[in-house]
Amino acid sequence: MKTLTIVLTDGPYISEYADIAYKLAESALEQYKVNIFLYLDAVHIPKKGQNPSFFTNAGQLISGLTEKGAVIRACSRCAGARGYLPEEEIIEGSNCRDYYPGIKITSVYELSEMLSKSDRVISLSR
Amino acid sequence: MKQEQTNVFLLTRPPLNSRSDLCLKLADRTKNVRLYLAGDGVYHLLTKIEEELPECKVYACKEDLEARSIRAGDKVKIPDNFYAMFIEDVMEHSEHTYTF
Amino acid sequence: MKSVFYLLDTAPYGSEKAFGALNAAAVGLSKMDVILGLYGDGVYLVIAGQDSRKLGVPNLADILYAYGELRVLVHEPSLMERGLFEENFIETLELTDEEDFFESMKKSECVILL
Amino acid sequence: MKTLTIVLTDGPYISEYADIAYKLAESALEQYKVNIFLYLDAVHIPKKGQNPSFFTNAGQLISGLTEKGAVIRACSRCAGARGYLPEEEIIEGSNCRDYYPGIKITSVYELSEMLSKSDRVISLSR
Amino acid sequence: MKQEQTNVFLLTRPPLNSRSDLCLKLADRTKNVRLYLAGDGVYHLLTKIEEELPECKVYACKEDLEARSIRAGDKVKIPDNFYAMFIEDVMEHSEHTYTF
Amino acid sequence: MKSVFYLLDTAPYGSEKAFGALNAAAVGLSKMDVILGLYGDGVYLVIAGQDSRKLGVPNLADILYAYGELRVLVHEPSLMERGLFEENFIETLELTDEEDFFESMKKSECVILL
């Protein structure tokens, strides 16, 4: 099965790329393996408790993709800088209690790992 | 019969933007380009991007056109499912994918 | 401050900035003279007929209509550069040339770029 | 006493404006009243637990300004969208348990209030 | 003797940037301008902004020059405490403050 | 993917992006052919003698030196436009004209813009 990796660098709402990534991944998941790597400000996307009155909840959208098989990882340096800390324990598929289910914090080495095993790569950043 | 390999470009920036310029420069040097416009990329239809790149097939995302109230010229294709079409093109028929 | 000029130079829908500028300008109306200046990519906001339902984001044209008392200046050279001549514009906006646009910025006590 | 209001719209690290705002506010606080309004992505600046190995902790910097008298408020719509929720209880000068001390979540009306009572306004955004 | 009122501009964007262009256009139409360069704004010294705006006093932030390894020409002032000087100018001697 | 081209078009120090691009490129070296392309405002990274201690941020020139094996291409027209002719450059970088820069992008299996 072919693999698509999507690299994001922006937080939710301030840019539309979390939404676009969701639509890309949702389409791709029907036939392909999908990885999403959250880098720089994109580590804010899975933060729990988002309540965007006028927008679609970006964290829930992206968390929902993991149920369909997407592998979603956040850069540990970027996450740590912004106050998202990985823990030993994994609850609902996540090692960060600040995150929606299914999304794990890992090192930036995982990005290289994902890229080297991918057939196609898409990066979205403002 | 094997379909010819294409080079797929996704452009989500408006005109007069340095990444749009970079996209168009690279597209200009590339053969068999399919240019997908989504997000603020659809504003390129106001400056008739499809005429600037006559060799290139141009697609635009319907929801993004509607939100921004942009009409597309006859040469621009508006797929029923933009993202499904883009993904198939990227995964099955493309040599390279570039996103700007 | 008795007057504030919000300058929006980001395209609508690609970012929350246009929504943020509209909200900040609208809530300021009760306390100050507020102008929203559309400059650069901000001028895309002028196009009539926006329908953002399928994107799941607020319709920014509707917000403009809802705050009819907000003065919105549109920098005409930015419109021209972007090929916006044949479109229908939202009627409540004021097209201004470069001279007048900059004069308005200078007359306001402060300018806020988002 | 004259009042300076600083309006921020970017998150920490991805832009240098939290640092620049800190330096401006620190200088201004020696003689003036200082307000900082956190709008859009700037509501991420006070998030607790930041551990930026190579950068200065932006949340601690800005929280420190409140001890020197700065009034720092975050937009409730922007904060809520991003998962920062205000609570009834005020602990260490903050109504958000995700935030460093001294920074409160309030409505965007507070921005107009701050502006109308200010002598000078500086906005910083990328 | 009252000091003349100035118009203080803070520029933190590099050249070839739409906000830098806006800043320079506005400065060009304004009297008694003091231009403070901080952050990526100090890159304007490479394109000799102080010569483009001869009427204007130009200040640059030392830490930002050092980080970016930019040398300032003779006409550019480098205060010992850039931010203290900027704040005093803004709060006490300025008619208007603009930040780009 | 066996090769990746990271494109940096943001100025150093004003944003974490340059630091992020350097890190991502450096950690990829063990698995793939990696090129870091400096384009637009990204070319400011070439200036020798950077000292960021007083800003409290990482010295990006030092990171470039530390990863001497990373190929860094510099888009020359971007340098020229920005008045970067009289500066000393970090020696390990390769100046490339527009033609060669775009050829390198096209030869890499993927291009990542941060």
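First chain written, first letter: the chains are A, B, C, D, E and F, and each begins at residue 1.
The definition used in the following text is that a residue touches a chain if its C-beta (ideal position, glycine included) is under 8 Å from a C-beta of that chain, and two chains touch if they have at least 3 such contacts.
All values derive from a computational prediction rather than experimental measurement.
Visitor: Identify the chains in contact with chain B as well as chain F, in label order.
Guide: A
Visitor: Between copies chain B and chain E, what's the superposition rotation on C-alpha atoms, in steps of 5 degrees?
Guide: The C-alpha superposition of chain B onto chain E needs 180 degrees.
Visitor: Per the definition at the top, count C-beta pairs in contact and tell me whether E-F or D-F has more.
Guide: E-F
Visitor: How would you label the chain A and chain D contact, same or different, if same means the shared numbers make up over half of all numbers there?
Guide: same
Visitor: Round to the nearest whole Å and give the separation of the Cα centres of chain A and chain F.
Guide: The mean C-alpha positions of chain A and chain F differ by 25 Å.
Visitor: For chain A and chain C, what's the span in angstrom between their mean Cα positions?
Guide: That pair's centroid distance is 33 Å.
Visitor: Residues of chain B touching 2+ other chains?
Guide: 12, 16, 18, 39, 97, 99
Visitor: Going by the contact rule already set, what residues in chain A reach two or more other chains?
Guide: 13-14, 16, 40, 55, 77-78, 119-121, 123
Visitor: Do you know which chain C residues sit against two or more other chains?
Guide: Counting only residues that touch two or more other chains, chain C contributes 13-14, 16-17, 40, 55, 57, 109-111, 113.
Visitor: If two chains touch, include that pair; go through all of them.
Guide: Listed in label order, the chain pairs in contact are A-B, A-C, A-D, A-F, B-C, B-F, C-D, C-E, D-E, D-F, E-F.
Visitor: Mind listing the chain C positions that touch chain D in their complex?
Guide: Chain C reaches chain D through residues 1-2, 4, 16-17, 20, 23-24, 27-28, 30-32, 109-114.
Visitor: In their complex, what parts of chain D are in touch with chain E?
Guide: Interface residues on chain D, with respect to chain E: 2, 4, 16-17, 20, 23-24, 26-28, 30-32, 119-124.
Visitor: Looking at the complex, which residues from chain C come into contact with chain A?
Guide: 13-17, 19, 55-58
Visitor: Which residues of chain F touch chain E once you look at their complex with the stated criterion?
Guide: Touching chain E: residues 11-14, 40-41, 44, 47-55, 57, 61, 81-84, 87 of chain F.
Visitor: Which part of chain E faces chain F closely enough to touch in the complex?
Guide: 12-17, 39-40, 43, 46-48, 62-64, 66-70
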